[in-house]
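After the structure tokens below, expect a handful of questions from me.
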Amino acid sequence: MSALRRRALQSLSIAVLLALWELAVRTGWADPLFVPAPSSVVRAFRTIGPEALRLLGETLGKTLLAYVLAVTLGVGAGLLIGGVRYLHDVVSPFLVALYALPKILVLPWILLTFGLAATPAVVYGVLQGFFPICLLVAGGVRDVDRMPLHVARSMGATSWQLYRKVILPAVLPAVLAGMKLGIVFCLLGVLVVEMFGGIRGMGFLLVSLANAFRAPELFAATALVSLLSVGVVLGLERLNQRLGHWR
Amino acid sequence: MRPVTAAHIEVRAVGKQWRTRDHPVPALESVSLDIAPQEFLTVLGPSGCGKSTLLSIIGGLTPADQGEVRIAGRPVIGPDPRQMAMVFQDPGLFPWRTALENVEFGLELQGVPGPIRRERARALLEPVGLRGFERRYPRELSGGMKQRVAIARALALDAPILLMDEPFGALDEQTRLLMGEWLLGIWARTQKTVVFVTHSLQEAILLSQRIVVMTARPGRIKASFAVDLPAPRDLDTAPAATLRRALWDAIRDESRRALDGGA
Amino acid sequence: MRRVVLGRVLLLAGLLGLWELWARHGDPLLYVPPSRVVPALARLLRLEAYPTLPAHVGLTAFEVLVAYALVVALGLSLGFALGLPRHVGAIYEPILAACYAIPSVVWYPSLMLFFGLGPASKIAFGVLLGFFPVVLAVLAGLRAVEPHLLTVSRALGAKPAACFVKVVLPAITATLVAGLRAGLALTVVGVLVGEILGARRGLGYLINYTYGFFRTADYAALALLALVLVLLVDGIAAWTESRARRWTEGAA
């Protein structure tokens, strides 16, 4: 099956789904109060457009900050934990447990500590993003093939050269994978805090629209955030492929 | 083992093309062959000549594009475990089943009740020398052992025909020789018809009553050699050496063509 | 190995010690040292603090159960529906993968709108979160089945139905159970997040409640309880997964 045919079938499926959805609302089978017709959602884009974009910008700002911190801390910790055997053995079970732990449990405490502004959103975003990045990078470091290292060392490479020319390129795919996962988690964290704490941003907008039963606007805003997120991840994926084309 | 009913395999002008993206690749071209009951026939040929495809067609796993295969007069339309059992180069044992459970597989499919098939399976592991290994899993077995389990699994079907596609190809030389001897013993005891595919001249001479040589792709039957050597076969005797030279003459050009043709 | 265990114990002790010291000197409203959490936990478990605790935990458990049952049913059905027919998976899997790139919580307000604040929205959110790993695991497992095993079983006389039951299902068991485990973890998270973001009853609601009333010690105790329950559930799932893996790969 060629890529073109696949894309065509995918687009067709989505189009059919949207058409059925529109039909369901038009014929009264679905209540437009809860399930807005796609046409009304498109119209709603225009209604909330400017405000939504502004709030999206706020959310993105916090997300970016959280992301930069999460990546820095996560990659740093990952390289350290993956590289130092003893550290990995000691810390690894804790990390895995913390990753598995529903971080929502500490959310109320974070809000208590940091108040109801941008800070808790960033903090929680970092908390969410840090673990997947750290674990993926640590895993990547541990999986580095030892053979090229031996060969390079036997050719007289210095520690710095080893690091730059052998280890870093080998670890890069794991780092990029972590970064791809991290952005979704950071965004998730920021949105959750905005929803829970009523902090200005996309999360708060979504909750407000839901409480006001403004279904078309809610769906439009949801679609906006979703498209943004997918776009960012696809962009990172493209970057990933460019940088890792030798694989 | 029960005596088996005779089966006569007729391959009539069989042709096969593999459909690829650009253009069809001919695998077999007008292959005709008669295999007598209880005969041990070897199909010898260079890599890519289509011998595995031919076996697959005889076994009913792949349909022929031209011609047909008949067994005891009836055309082959699909795998028929009551008539044919197949063994492949990759033993293909089910990793979640013990050796015994692997051997039982075919019997399970035929609906043979539990205690009976367990007994029959256990009885089959004895002649393959694996008594005591019933409860072992494939990951605990060596390559040769895995292949013996695969053969026992095929023998469990009690089919009159045994089709073998380079079954010893993945084994080291010593194991290969031992397995060959052991296979001959099984054949003598069960009196099955064996169609054995290999690219090893040595194996062909050591095991078969008749050797059929195939050309490089597209595969056709090039020559047929009867092997009248006495058992146990000894490759160092003059008649064996003569046969070997004849086989090599027949196959050398084909091998070179296969190598050059990027088969 | 001994050094490692020692390191872990020291790390844990060090962290707990640090927590205790820091919390003693901080605002008691915000910082609860372990020495205050433990008695709060005891009061909690004796049902002195919140006599209705079992009812709340029970509701959360019920939501998780219902959500997971749906996750298993829907996830497996969709997984096999997409994975078994020849080209269907290739068409729709990218769409599923794209959905994975969307932070799941964006759907929650829509679910609240549709289902209200009751258990239904929590169950729905749990299903939304948990069902993806299951579907993806089925697809990955089916893709990884060795084609040769299917050839062999056909040669031995297996019809398509027998091939599916006797070869495909055992072959994908390990991957499937791993996916079911991930799905369970996410379902639990989904239900908890749903309850904390807005509910009238349930463990998450209770946590929210204690936070709202600045009962920080109780909140810490509840969070700890929730954590223990989550670890317990995942522990059982992990044990099941390792058994399944060993069975598929053939170890007695």
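Each chain gets a letter, A, B and C, in the order it is written, and its residues are counted from 1.
The criterion applied here is as follows: a residue touches a chain if its C-beta (ideal position, glycine included) is under 8 Å from a C-beta of that chain, and two chains touch if they have at least 3 such contacts.
Please read all numbers here as calculations on a predicted model, not as lab measurements.
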item: Identity of the most central chain, Cα criterion; value: C
item: Interface ranked first by C-beta contact pairs; value: A-C
item: Distance-maximising chain from chain C - centres being C-alpha averages; value: B
item: For chain A paired with chain C, centre-to-centre distance based on mean C-alpha positions, whole Å; value: 19
item: Centre-to-centre distance between chain C and chain B (centres being mean Cα positions), rounded to whole Å; value: 50
item: Rounded Å distance between chain A and chain B, as computed from the means of their C-alpha atoms; value: 54
item: Chain C partner contacts - residues on chain A that touch it in the complex; value: 1, 6, 9-10, 13-14, 34-35, 86, 89-91, 93-94, 97, 100-102, 104-109, 111-113, 184-185, 187-188, 191-192, 195-196, 203, 206-207, 209-210, 213, 215, 218-219, 222, 225-226, 229-230, 232-234
item: Residue ranges of chain C touching chain A (in the complex, touch as defined); value: 3-4, 7-8, 11-12, 29-30, 87, 90-92, 94-95, 98, 100-110, 112-114, 185, 188-189, 192-193, 196-197, 204, 207-208, 210-211, 214, 216, 219-220, 223, 226-227, 230-231, 234
item: Chain C - residues contacting chain B, complex; value: 146, 148-149, 151-158, 162, 166-167, 170-171, 173, 247-252
item: Contact set on chain B toward chain C in their complex; value: 59, 61, 79-82, 85-86, 88, 90, 92, 94-98, 105-106, 108-110, 135, 137-140, 153-154, 157
